[in-house]
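Could you have a look at this structure, given as structure tokens, before my questions?
Order of writing sets the labels: A, B and C. Residues in every chain begin at 1.
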């Protein structure tokens, strides 16, 4: 029999309840297993995080004309995001007010009215019930509008919030990020490709995976243009072996600052990831090699640039927003990611590539080259998330320590726990302090 | 941000328990979501509805000879319905009394004895244990008969009841419906086809779908012969645009009444859908076009009629029985439907087409023509049920109002709630009154 | 309506809790349904039986060299069984101590170190953390060894125990069984084939199925060489029709006793199936026809025998060990079975065929002939287990009586209930007495 030198799994310790787990959260560590594997926390996440936060769900480029719509499904919920006859973006629950049938079943399309397949109840794009056949005389159509959902657009990005009252800080966030985003004219772009990838892991593992480059050794394609020094907590933390890369990074940054200044593009990092309801991060950053785009050599993938700025080398504008989005914008295209929980161990990652509305596939861009690096990266991340889900599901899992380069993972978890505590009225057992970046 | 004019989804309202939901049911509206989506209500439905009501499960035409059997599976239950050596129809649980193995695994067949595959315990078709190898001397075979199930045949229809005590009103119902059914000699017919369709919805949505023709615009094939005026709550409710159809209907009815009287076929509507345990509805009705059968032009699909009555134009005899059956009988064939719950969101619809025992496929009838209208209609209904299940699963669903033409849906729901209240000893919070046909 | 002569299913009897079911267990009968179908008992089985008993998981022949490993998954747990650099067999949880990722994903292989795919944390085969990139200065690697699991080898069989404290009687059991097993040199053998079969039934049904030959009429291939008199509770119980087989059995046994004595092979039956934590049974027994191996004619399937004993006709050495293993060893090969629960109604049966390390496929043995009898037998058993699971899942199932030849089934159930009572601190309501072998 081996003499074990590490702690054993104690199968008998009673499971603490979700309230205690939220109260007891230890900073600087990954979360206990129930957060990632239990149906109880999944339901809590849908109710307290995904039903009460602003969620990135689409771009205006997907619904350019009145009558255009996309449907967004997460959990058992389905929401119609559509442009109404006045050109405004609207959001409604995709549920008929008669006997509850789902109304629109296509992921996207265009329609003049929303007609229920079951008994032909007919709604306008503004959600008002326009027609219901064979009703008794007293029937009042105005009582049966579709149930509406908060919607907010920021420089072409469409956010919804399912709560009765949506977090009001979206205006403050918009005021900060709009100047960064607006020059790239996303609302006027077109969708070059959109993919839906189902990862076999909890949505928080998907987000945590996105919030550090400690694992970027597993992304050979991305590493061509992503400086390997990204994500280190400080200049001091960068190891000697990365000194040449760091030199390249500093030179590239200095050159880009001139370019950004020249075109009036804001670039400083703003990082408010865990200090507000609509936690976010935005910054411009340099890219390696040609420094233009997410391609293997770093040159632009689309010769028709997104905007009129005659400069292919703009580095990348990157933004995160809690709980479910990140994006990268280069001179030639924009890459948007939204994350939608499906089950405790299933998560949808939707990736959208935008290019200039007039860019022609096969002429201005080759689709495989445009999407290749991130299609590979997405699949690599999905594989890592699945491994994490598998291991965390074991009773032998214990939370482990975040290293210095995982400070944005810590910030995400910190935001998540803070939101649960606020919305559920739970006090912290331990002081959260600023250990997040320990 | 939109100014919402409809109520928002309040994700925080606590879920009322099943008892409260049953007590609080509001007449004139669809049921709250848990009735359709929760495992708790599904289990309740199996225990209180499907284990305590008379269920239509087969026709005698499926088991004409001694030793013939069908097996009926719903939930985890399996029941053998067989004809014993004396020609009587018997029903037993399909579970060996030794170590519990399922005995018969085929959906139907013929056998002299029921032999367990595991250790060869052997039962007669009457359920008695005839043989068990290698038992100790004191072993008493008479203690290990198969557990029996109540069974009742009515004019060739086979009903079972799993309860200790079956609802006694089946005799009263049989006394009413047998004179309608008997002339069509279903026990002597043969099965032309039987299909099993799994619908992606709760069994109550399947039943509710069947109980109104408000949605019949979605049934282009069926609408050829089904008068579009069916299901209106009163003559006054029929809209002007249907006046020509209503005229045709009245003329056809007048002609058929003469035919029915001439052949001694009872035809008045008897509707006791929610006033007894074995709620039912029966009536004869006219059909459009040729008025003979469920075909695109209304002419008979089988030239060999079901009975000796030399009249192809008999309209249809239609019958419902709570909780799980409906049927239509025309001069040339009978169409029987049984509904079996599989999961909260999965339901089996079994459809059986009967023709005269001597009718020959390809000579007297073309199978595709015989079954085409209802195969299409069944699939259309399955699609509608799936949409309803999807929408009702959303937290945004709220019960909606039944219109006047949905009075039989209301009657079904009323019966269902009444049964749950009676069997669980729950009092109504609101008076049910006669709002059901509001 | 039939006049039922057997008891009806009473759908209303309240479900007794798991504690009551464990306390109330009736000897001489199969267990009540919840033991086989409920998630609650499945979780209990994983926690109290599979996490606290010694489990057979592999043979040393599968990991002959340092760095060789197998991964064993049951439920959400995954364990690495590996040979370390010193040649010792070690077992560790397959969970990275950083952010919990599963480490090794292949069922088996060979590696110098265990490197996490996610962030490259690197462990030695002894479980110690050797390397973690980019950590803060105070990071102490010695705190992050893989969590170890008890491991014990007996004559080439590898057992693990997940508990903090493993049952100590493994030493007593090893002292008994090692002299039986050692002469067959399993640690030096090689794997000729390994199959994983998923049975659609509870793991206890798999074990119960293995513990009697009352059902062996369903194993035509195996019956060639397995004396049909095996498993009768006493000589008196053997029916007259089996007298010729019993004569053959007695003659074969007498001849084998001389051979076993001549080679110093212990053979008496030792049966301590339900009287200790590590319940077991071991004995040598004769086989029918040529008496050498599990082939259709009983002749050896591998011409290169497992050991240097120059005798193809050794009968079989058979051993059971609670809760999850059995084996058969003939002169030419060894057959090992391990049973791993997957879900209440899903169980993995892993079968391993070992032959002499130098035996060459196609020369010394034909793989199909070596494995044919038990591949067929395994599938037949899987089919029977599925039937039992289906029937027991019905509310109509009631526990049935074990016959005299099912005494080892009774012993297994008795062991199982005894372990649950001991580990959960539950007293028996009825005296267990010695009814187990009634």
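Quick notes
Following the convention adopted for this analysis, a contact is a pair of C-beta atoms (placed from the backbone, for glycine too) under 8 Å apart; a residue touches a chain by one contact, two chains touch by 3 or more.
Remember, predicted model here, so these are calculated numbers, not experimental data.
The angle of the rotation carrying chain A onto chain C, fitted on C-alpha atoms and rounded to the nearest 5, is 120°. The pairing of chain B with chain C is characterised as different-residue: of all residue numbers used at this interface, under half are used by both copies.
Separating the centre of chain B from that of chain C, both taken as means of CA atoms, is a distance of 47 Å. Taken residue by residue, chain A touches two or more other chains at no position, since every residue touches fewer. Residues 47, 51-52, 76-78, 88, 90-91, 93-103, 105, 117-120, 127-128, 132-136, 139, 144-152, 162-164, 166 of chain B are the ones touching chain C in the complex.
On the chain A side of its complex with chain C, the touching residues are 1-2, 4-12, 30, 33, 37, 208, 214-215, 217-218, 232, 237, 239, 383-384, 387-388, 390-401, 403-405, 438.
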